[in-house]
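Going by the order they are written in, the chains are A, B, C and D; count residues from 1 in each one.
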Amino acid sequence: MDTIPELTIDVQVMFFDTDCAGVVHNIAYLRHIETARTHLAEILGWRLVEMANTGLYPVVVRTEIDYKRPARLGDVMRVRGFLEEVERSRFWCGFEISRATDNRLLVTCRQSLALVQMPEGRAVRLPPEWRERWSKKVRVRESTT
Amino acid sequence: MDTIPELTIDVQVMFFDTDCAGVVHNIAYLRHIETARTHLAEILGWRLVEMANTGLYPVVVRTEIDYKRPARLGDVMRVRGFLEEVERSRFWCGFEISRATDNRLLVTCRQSLALVQMPEGRAVRLPPEWRERWSKKVRVRESTT
Amino acid sequence: MDTIPELTIDVQVMFFDTDCAGVVHNIAYLRHIETARTHLAEILGWRLVEMANTGLYPVVVRTEIDYKRPARLGDVMRVRGFLEEVERSRFWCGFEISRATDNRLLVTCRQSLALVQMPEGRAVRLPPEWRERWSKKVRVRESTT
Amino acid sequence: MDTIPELTIDVQVMFFDTDCAGVVHNIAYLRHIETARTHLAEILGWRLVEMANTGLYPVVVRTEIDYKRPARLGDVMRVRGFLEEVERSRFWCGFEISRATDNRLLVTCRQSLALVQMPEGRAVRLPPEWRERWSKKVRVRESTT
């Protein structure tokens, strides 16, 4: 049986991540979360190059993000992403960002994604094998709320 | 009695707002929400220039954002921001982004903010007059959840 | 005869424009220059909505930018953009960013653009009427260097 | 004798790097160039954490960037950065971005940097040992143009 799809990336804070309050800007964390999510999508079987060719993209439909402690210039942010829940036509990913040096939790985040055929913007049902494949590992729900 | 603090700004979608799926990127909306929030903060009495001098900044502690329909290159996004709730040491702002041409709702968002003294990162209580001033207009809660 | 195509926009410095050195980040100015350039393109007859439909885009092929003085949080940056030179298949735009309060020059920039048909990426010759229309006003060169 | 300070980083193109023309946005390359430059600065002896503590930052004073071919979603961009020239109070870094799969050159860039003491914004002379250390390897000029 498959293990829960998850991965961890390390990202060093750059100047363009920070703002004049001296800490990482709240929007910048979401760029690193997207990087983790994209690599997670590749584990789930969606390769970026194919997306660009087929026009079938996982699209963010909701983000919830909590900022607990700030990262600063030079910190290494450890971004962990994992599949959290699978519905018929949406799935949720979870993310935790911690500081590599002391493991302090900085940010938690959840994102719900739908599979969308561009450019029409039509929602596409998730592959049924997803539900079977991870049903023992992540929450599976019959209906989309 | 004061009216509810709110404002609306119009922003035209630029290339740098979009991604290769042909629509505005999910992170880009948050930049425009920040612009609306900053102007809202000025209405609430926090001027950017003073923040830079005093080091007392309103810091985002949570964002919830729902993406309903995408904006595209050339669309004008109408961003409405308003004070939604005041707690002892946090407040919530609400945002709605709609397309100016047809008023279709594109994005809804809520952000919780705390007042933080930088560079120490110490949380500061909200001015008590806030609660009196808008108590009839927005939700006021005694304790922070 | 037409006047030189030019325009000026005012942009207030937001948190996301700054970095932890306390000033506007060098990359952020280019976003505001793009906003000015896009409005300039509309004056020149290229509307964003049409670009998205036809896939014919003005593409930046070279940027030269000099940072003279920094803008800070709360400053209003006045961005002036103007058509500078027209070649057969490229044109140059010039930009100056100054601080609105004291007119101090902050940034100068030049960008060369080509007209490109996407998704093929094929270069397209500029409309010949461009050379006639602005030949008395801006430099016109026969060959592209 | 020291070798020329240089380094190479690989960066995969993410959605937030692209725009609706289907290619990497011109501004996005500069973020990756900054990442390479920051790691280069660490090789040159400037650590990010120290910068944040001392307020002594290398500041970009000029960027020249040429866009030759576009990168697309899923491409891996190979960013090479190297020290190019040392003056009394400025130095130049060079950058080349190529596509990892076929080594095609996508972007070339040069940036001039000055050492600045923030928040005063005062220019600081480069460490004299720089000129000795790399005088055999990179161009060294007595005066700043």
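Just so it is clear, a residue touches a chain if its C-beta (ideal position, glycine included) is under 8 Å from a C-beta of that chain, and two chains touch if they have at least 3 such contacts.
Fair warning: this is a prediction, and the values are worked out from it, not measured in the lab.
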Exercise for review: Using mean Cα positions as chain centres, tell me which chain lies farthest from subunit C.
Suggested key: A
Check your understanding: Which chain pair shares more contacting C-beta pairs: B-C, or A-B?
Key -> A-B
Exercise for review: Would you kindly tell me how far, in whole Å, the mean C-alpha position of subunit D lies from that of subunit B?
Suggested key: 35
Review point. Between subunit B and subunit C, what is the separation of their C-alpha centroids in Å?
Key: 29
Exercise for review: Can you check how far apart subunit A and subunit B are, centre to centre, with Cα atoms defining each centre and the answer in Å?
Suggested key: 23
Point to revise | Residues of subunit D engaged with two or more neighbouring chains | key: 15-16, 20-23, 27, 31, 34, 52, 72-73
Exercise for review: Indicate which of the five shapes (line, ring, star, complete, other) describes how the chains touch one another.
Suggested key: complete
Practice item. State the interface residues of subunit A toward subunit B in the complex, per the touch definition above. Key: 20-23, 26-27, 30-31, 34, 52, 55, 57, 59-67, 70, 116, 118-119, 121
**Study point:** Complex contacts: residues of subunit A adjacent to subunit D
**Key:** 12-16, 22, 31, 34-35, 38, 47-49, 51-52, 72-74
Point to revise | Residue ranges of subunit A in contact with subunit C within the complex | key: 15-16, 18-23, 25, 27, 72-73
